[in-house]
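Each chain gets a letter, A, B, C and D, in the order it is written, and its residues are counted from 1.
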């Protein structure tokens, strides 16, 4: 069957479904909890605490649950990172598969955003402008460390800690970067179509996406520095 | 001994006791912490943060502690899900056992609600109406994902993560669904007899229970899609 | 050497030191974090959230760290529970050792309370009366479940989860019982000599201690019901 | 290659890079989350809750990620503790390596502080005086327990719990000591050059550093008491 490119893995269709369902539920967790927190608390710090807790709990659970199916990327830049670092390995993610993953993540993200809108009544393009050096630096750092964590755990044989470690970094990143640590183009796009606590104005998207892309490149550079693959280590 | 239907498991009586004790303590944690939080904080966001934290900590501990005895379902729909997915497996939960589980869960839930009332003085039918498309969608999603997590971890050999994963999803669900993520008919009934922060008016029960039932069906469909059992995968 | 009663364990002196240091740091965590939280926040809910988080994090870490030395009881009723359930097993905790444990826990608790006083300036007998059916029921339930968790994990071969499970139950108990889930005579006594957020008036001590004792007995009864030892299961 | 002193470990250059990156990201997490929390919440308790959560999540993730490379010390006193306790073991950290670690940690800490300044606009020497018996006692206790946890887990074969246990103790310490549980000379110096929620006036540095040094010595004494190395146990 032609779609089953990587032998030993589940069929591609099931993997794409896992990426779509996972990214959709993640988008629901991020956007929905933000909308609810903004209604329930009068203190923005409490709102962001609740939004953080709900988002990273969903993230950790979904990674643990769906990693055996699709790898649980939920993020085009994570998919790109796996494709790039595995490009010479037999049986790794192929380019067309990676594109399918990204499309499934985008579709899932929009569906999750829509579902949050059904429950909390906030829909339409978001109005919150997020632009400037501070937030772009934030996305750069947040995405670089995200890729370093995801791929570095793999290089040291610690993939089983990914659910907790990824959730842990996003918890820290939401609070210690100026940008909210979106660090995920699919979720960023999904936030743009829901006007609420976690929204981002469509006009701010290009800057965020470029900063995330630059962060992914920086993350891969840090990975090569700190966790070189066997052939990279030999070259040094 | 006729009650010991599933060989290799503890006697049914002990398993029913575990379900009753576990569901009772869970009901106490959910309802009691809600009553206390409502007294201690003036911010509804802080109240729900504390209520969430206490509820999911109790949930995780009780699953870890009692899973070796009864499977630690504490929820008639989880019991139904195990019965349905295991219906062709030898030694799985039998129909009459499943009914016993549900009754033990209901009895435990009411006892826990009563115990919360002894300590915090809130008893009587709850007055909080919870009705409409938003909350029904919430229960549908919350229950579907709960069953997907519980049964999906089993399908991928990760049952040992259930205490943390189930607690993680409920944490996210409480905040990202509009319904409070009750996702459990036994606990929902227990909440209806204690008028407080976590209560639900008896008149709102049918809608919640129907939405939870529909969610369980959706969860089983997602399970078959993402984690097909060996014979289902072969059929495809 | 006569003090080394249980072969294969560290010498008794070192185990007593571990119990004293562990209970002392636990008392510091509970009392100190309560004093600090009461200064920093204007919302009692936030104060108790911070107090809970700091207390249970210390509890979990200290159990993991010191369990290989002394078993990490930090609580005379936990020690009594281990003594009672292991009384027929060779190499288990002997009666005189258990008394030594309790004294070390009391001494450590008072030292930790004193240390909190040095840092936060609250000393002297506590003035907060805690009395009545509601709080006594709280201590009864909190202590019963604590012993059920500690000893039940052992009966099911899950001792390695004790740090997280005990911390998890205390988190839930603090919020879902009306008494604050002290559940520990050594810590309760230590709280009586520091007048602050977590204090208890000396006059309220007898009621708390009796309720905790009754809770321990109830916990052992639940243990025998849900996790009977091999010889108990045969007797049935 | 002369820098590769410890055989079997990664080259020293890569280990120093790991210490610098790790300490830098930790400083960013601590300082950045403090600055953001101070802006978002009006309640100091909520600010410190968020600051604690972000700091310890970053700490835990970075330890898990970088321990296979450099040991993930991020703290000159932890490095000193490993050097001291391993000084007679073959292949342990050598003195010159330990000095390199400390310099890398300091450099990383300053870089992280600078990065927080870029994102949140707070730079310049911190103005918060932190001095007196209460805070010095706090640093003494916080550092002693930190070293006891880090090295004690190693003595009992539980190093794999270090990410969670260290994060757990710092969570407790931040709330139960009067000093904020800096417990780390490199981070303390980094906090002195960023004037914000987590800052410390340069004039208060000597007292903090001396108290941390004394705490490290106390921690090593407690380690020898509770977890004697085989040759120490024999000597007794």
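Operating definition for what follows: a residue touches a chain if its C-beta (ideal position, glycine included) is under 8 Å from a C-beta of that chain, and two chains touch if they have at least 3 such contacts.
All values derive from a computational prediction rather than experimental measurement.
Student: Once the Cα atoms of chain C and chain D are superposed, what angle does the rotation have, between 0 and 180 degrees and to the nearest 5?
Tutor: In short, 90 degrees.
Student: Would you kindly state whether over half or under half of the residue numbers at the chain A/chain D interface are used by both copies, giving same or different?
Tutor: Homomeric contact, different residues on each side for the most part.
Student: Farthest chain from chain D, comparing Cα centres?
Tutor: B
Student: Find the geometric centre of each of chain A and chain D from their Cα atoms only, then give the gap between the two centres in Å, rounded to an integer.
Tutor: Those two chain centres are 29 Å apart.
Student: How far is the middle of chain B from the middle of chain D, if each middle is the mean of its Cα atoms, in Å?
Tutor: Once rounded, the distance between the two centres reads 41 Å.
Student: So which stretches of chain D touch two or more other chains?
Tutor: Within chain D, residues 43, 46, 49 contact more than one other chain.
Student: Classify the inter-chain contact topology: is it line, ring, star, complete, or other?
Tutor: The chain contacts form a single closed ring, each chain touching exactly two others.
Student: Go through the chains and record each pair that touches.
Tutor: Pairwise, the chains that meet the contact rule are A-B, A-D, B-C, C-D.
Student: Over in the complex, which chain C residues touch chain B? Could you list them?
Tutor: Against chain B, the touching part of chain C is residues 43-46, 48-49, 52, 133-134, 137-138, 141, 145, 148-149, 152-153, 156, 158, 161, 165, 168-169, 171-172, 174-178, 222, 225-228.
Student: Could you please specify the touching residues of chain C with respect to chain D in the complex?
Tutor: The contact residues of chain C facing chain D are 14, 17-18, 21, 25, 28-33, 36-37, 40-43, 46-47, 49-51, 53-55, 57-58, 60-61, 64-66, 68-69, 115-116, 118-121.
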